[in-house]
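The following pair of complexes shares a single chain, chain A, combined with chain B in the former and chain C in the latter.
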Partner chain A sequence: MTANIVRTPRRPGKRIGLGAGMPWILPALILVFGMIYFSIGFTGYVSTLDWNGFILSPSENVGGDNYVAMFQDPIFWTALWHTAVFFVVTFTIQTAIGFSFAALLHSKIHLAPLYKVIIFIPTVLAPATMAPVFRSIFDADGQFNWLLDHVGLGALARPWLAEGATAMPVVMAVTVWQWTGLTFILFYAAMSQIDPQILEAARVDGASNFRMLRSIIWPLCSGTTLALATLGVIGALKTFDVPYLITKAGPNHATEFLGTYIYQTMVQEKHFGYAAAISVALLVIAIGGGVLMRVRLHKKEV
Partner chain B sequence: MFELRSRWSRVGAQVLATIIVLPFLAALIAMVQGSFAGQGWGNYLKVFNTGVVPTYFLNSAIVAASTIAIVYVITMFAAFGFAKLRIRGKEVWFWLILAALAMPEAVLLTPLFVTASTFDIYNELIAVILPIAALQVPFTILLARGFFEAIPTELMDAGRVDGAGTFRVFWYIVLPLTRPIAGAIVVLTLLNAWNAYLLPMLMLNDPDKQVVTLLPSFFMSQYTNDQTGVLAAAVITAVPVIVAYLLLQRSFERGLSAGALK
Partner chain C sequence: MSTQRFGWRRAGAIAIAGVALTTLVACSGGGSAPADQGSATEGNITWWGWTPDKTNADKLIAAFNEEYPDITVEFVSKPIDTYDSVIGPAITSTDGPDVFNVAPGSANGGVDTFQAGAVDLRPAVEEALGSDWESKLATSGVDGLTVDDKVVGLSAGAVYSGSVWINQDIFDANGLTAPTNLDEWIAVCDALQAAGQGCFVQGAGQWAFDMDTFEAIMENVEPGAYVKASKGEMDYSDPAFVTGMEIWKKLFDEGIMQEGAIGLQQYPDANNAFMSGKYAMVMMGTWYTQYAVKDIMIASMEAAGVSNPVPFTMIPIQFPDVADTGNVGNMFGDADYGLAVSAKSEQQAAATTFALWLATAEGGQQAVANTLNNIPSLKGVQPQWDNIDLVNADAQLDALKELTDVAGASTQPRFASVSADLNSAFRDALIGVASGDVQITDALENLQAVVDAQ
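Then we have the complex of A and B:
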């Protein structure tokens, strides 16, 4: 049956005798199923256990208890809320900076190649490499407070990482620092694709540069914006390195994300069953988010 | 593309661009400057004196090279199969691979940790290589399939008429045409493997088996309060990546944008 479905779009002269494709995709299937689907199944199974993760230790089947506990766990909801706020803030700022910077670099400014390199370098560096740097910058006697002192804003100086109210903005700032270069490159490429004649026509009609940006270029870049939003959602759900290394997910869970919470529950507290239940929740959200975004993308295209 | 006619708007654009770029530069300067604070090059010496730097780099290189090799081979085979060959239930298989695309690595932690310790591959580089490759492959297959589909089937038919088998067609006709997409795949995989932190931290505890992203925290565990030495360690791990980027600017930019747009 399935073979017929595959053959239907066959055109004359196409696929002359090229053999069966299964052996070609088999290695990929083995890797993806062996690692990822196996992991999902295993995580699902462990999420019904009360277990400390050692093979030889006894485990007890507790059914849906871990999930019940999760829904009543304020830290789980905090982590989820952080993920949402984190996405909205970092996406908005990155888009604003990336888009403006792309437009500026399309305006024949000096040193453009150098500026491009500077803003893009952070995207190739590991968060783990940059974490000590940002810890030092935002330390109580770090460079950021030094800078505030020297521009007369010394009153604002504080231990940025140690205060609940400022730790999350720092985590967001580090993420923006790291990924704006990618946003910029994508907008830059999208703007290069715009037909110069459209812009010329608008200019003849007397549109200002700002007006063109808002009414022509921004709408024409909407595909890129949506792709970046999808990427941002996935990125926010994956957030681990930055909060783990810079703020240890604290102080007092102020920068807790799902990834850091899973890690802490599993590795530090050895509650494997509970960690697995949160992982399943993360998975459901990731797939749900992906599907939602895809549906929206399709609507936009139609 | 934009015409800035008045002098003031040109100056304004230049100033605005400079203001935007400054914070990005500032953190890099803070890193380098901090790494020389106090003892200057002595900080670097201290990092190298731990004796682990060559080992960490070698391990990272092994992880990156193996991951790239696995991802490249598997992706090219699969993309060719999906794009040009007959497969029962092709789209179902394709979607099953795609569904793994948005997978946060945290989801893999529980099983990986348990499996690795059960089968005793804990502290082996392969325990990091395989999961990174598995997380990468769905995406690169998606990327490469589109590229393979754009290669005219007539080209392959010509090869078939001359009596070449599927594999020879793939090897001699198709593969040489895929260089652009191969570049993107290699760069993306290289960055993801080289910059990976969570999986190596979890799976590699033995100092002989660790990778460059763990260098700053290793240093921290040896010299608790030595901030400048940690920054020197950060610079040491950052420099090769920055140099690679500067040498291969276009491939990096293309690879990463290809990575974002699918």
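Then we have the complex of A and C:
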């Protein structure tokens, strides 16, 4: 290439580079590296140890043994499978309900502000405060079975938290109940950004409400959907509080997730090295999932 | 590359390395114990533990201050589930507790884990009780809290399991007597359930209590087998364990365990269900004795959601002869908690005074005995029953005295011989067998595999 490229000379002191900004970002940089990346690195280091986690206790370097054990551990794979199923089910249901509610509340319905508050309230409630309530509701003598009995569906009554096949749906239902409010709010905000003229034009062309939802509103909310999917993947990987508080990850690991398994191996069994190895795996999967979603979003934008 | 940029990069790298090193040094904790151990008769010390509860801790501290008025003790209660998470960093700091609870075996606060942060109390206890001090204290309190000859903690008292508690008022109202074998147990539950009354409640999702029930079954099938196997001295494939597991499964299949038992926790679910009178029987140990006291029972019933509670007569009974062997009445237990003195404490002398007083002095042990939460560690100390306001002394006193005597004489450990890995394996085995998801032979093979790997 022979074209002359004329570079604009930078004026001294005006260069936008690492050097000029460094004094300003250094405190934050130290904090980020000291608190986050150091911790990640330290977790990676601990994952090569056989250690009980107490700082004064001796440790033994076992290299990659913890990772080998992890790949051979059926509970790890069970937890991973649960995470995948959990994400697909909760994300699909939350998206369907959140999107529908957002569309409904964009129409002129009576008492809309009240409905918005009601839908969003579960999102701000701490799982720890709600866990005893759900444990009571889904107990063998709980209110859910009482309701089934009183609507003629007594044959379906069962100890929901004591059976592997039903414990996971309960955990999913609680999660959907809690997080659909957030999905709704984000879709509601995204729909508010849609140019009314586009909808007006579609209406003039004779599009039905359903057609407008399917062909105009849903595609224009795709950015929000992908952002929610990214949050959903990360949220599913970090799932801990609901299964731990409601089912203790049981029965028989039926509601085991990576988070609960890390807690068990680290806090209860004192295998800090092994727990750190699973944490590293979780981190890799979370970053991988996030990047995948980001690439997907980027392709859509292009 | 400009010199300026290189400089900033280098400075940044140095800063990051500095932070990393500082964090490492801060985390490493270690180091020698403070040279000055302070006064043995005055000071302000802090005691961290998951037990006793605040009411009992206040009683113990008040009794201590009658003898040592110049040592102020502050008890900080920490939840048992997160105890290990908070105590580790705390005892590597001089700002942490001076005295902290430790427990035997795989329980939270395990001595094996935290012994490195505690001083050796052997010289102190030898000075207090003499060279034959071990013979003066309960075996469960000495063996379980000693690591490689280092006395990590002094047991304030022990808890023993193997007993079943019944609501005598419900039994009387239904014209029933406490079951003594499996057939009677099934019959009692059938009768109570037919009357619309819950029979036996267990939070089988909290497997530590499943282990209690299973150990009680095994003590009935073949005394000592449970502990031997956990130490690797007996194989889990032994027919005794097959029998034990079959009986465990029967408790679920024959309707003794309530429906959905493995979806519940012993605390708070089963405890609340028993305290609120929904069920007539529960598998609890000696720590439940305190609820036989009128005001404590009322408080416990209120906590279980009962409005205007009327205390009921609860009585401990022997675990039924479920295997028809006649081996009944065996109990098993460990130190409930031991008092360890932090190696980082700047008031080790005052902290040691408190630990020794509570765990080895007659005054301290009498105070422990009177809480009815623990069986005292010092032999010969009994609760002062005449000063204790039981709900129904005529019906309860003999049974409570017998429970205390039998438990105090027991030498069988509860969790002290069970490693953390074996503990988890028991969860998978017992809940798996109960739900039918795991075959008995597979469950026992898995238990043996864990012991073999240790």
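The criterion applied here is as follows: the second predicted complex is superposed on the first by the 281 of 302 C-alpha atoms of A that agree within 3 Å, B and C clash if a C-alpha of one lies under 4 Å from a C-alpha of the other, contacts with A are read in each partner's own complex, and residues count from 1 in each chain.
One rule holds for everything that comes next: a contact is a pair of C-beta atoms (placed from the backbone, for glycine too) under 8 Å apart; a residue touches a chain by one contact, two chains touch by 3 or more.
Everything numeric in this text was worked out from a predicted model, so none of it was measured.
Of the two partner chains placed around the shared chain by superposition, chain C is the only one that A:Gln264 touches, whereas chain B remains out of contact.
In the superposed model, A:Thr180 makes contact with chain B only, not with chain C. Once the two complexes are overlaid on the shared chain, A:Leu237 sits against chain B while remaining clear of chain C.
In the superposition on chain A, A:Asn252 makes contact with chain C only, while chain B stays out of contact range.
In the superposition on chain A, contact is made by A:Gly34 with both chain B and chain C.
Taking chain B and chain C in turn and counting the residues of chain A each one touches, the greater count comes from B. When the two complexes are overlaid on their common chain A, residue A:Met22 makes contact with chain B and with chain C alike. Judged by the touch definition given at the top, the superposed model places A:His150 against neither chain B nor chain C. Residues 17-19, 22, 29, 33-34, 38, 53-55, 139, 267 of chain A lie in contact with chain B in one complex and with chain C in the other.
On the chain C side of its complex with chain A, the touching residues are 2, 4-5, 7-9, 11-12, 15-16, 19-20, 23, 27-30, 82, 84-85, 88-89, 92, 110, 112-114, 116-117, 205-206, 258-265, 269, 420-421, 423-424, 428, 431-432, 435, 437-438. Residues 2-3, 6-7, 13-25, 27-29, 31-40, 42-43, 46, 53-55, 97, 100-101, 103-110, 115, 117-134, 136-137, 139, 143, 177, 180-182, 185-186, 189, 191-192, 194, 196, 199, 203, 209, 212, 224, 227-228, 231, 234, 237-238, 240-241, 244-245, 258-259, 262-263, 266-267, 272, 275-276, 279-280, 282-283, 286-287, 289-290 of chain A are the ones touching chain B in the complex.
Interface of chain B with chain A (complex): residues 1-4, 9-10, 13-14, 16-18, 20-21, 23-25, 27-28, 30-31, 34, 70, 73-75, 77-78, 80-82, 84-90, 93, 96-97, 99-115, 117-118, 130-131, 133-135, 137-138, 141, 153-154, 156-157, 160-161, 165-166, 169, 191, 194-198, 202, 212-214, 216-217, 220, 227, 230-231, 233-234, 237-238, 241-242, 244-246, 249, 252-253, 256-257, 260-261. The touching residues of chain A, when paired with chain C in their complex, are 17-19, 22, 26, 29-30, 33-34, 38, 52-57, 135, 138-141, 158-164, 167, 247-248, 250-253, 264, 267-270.
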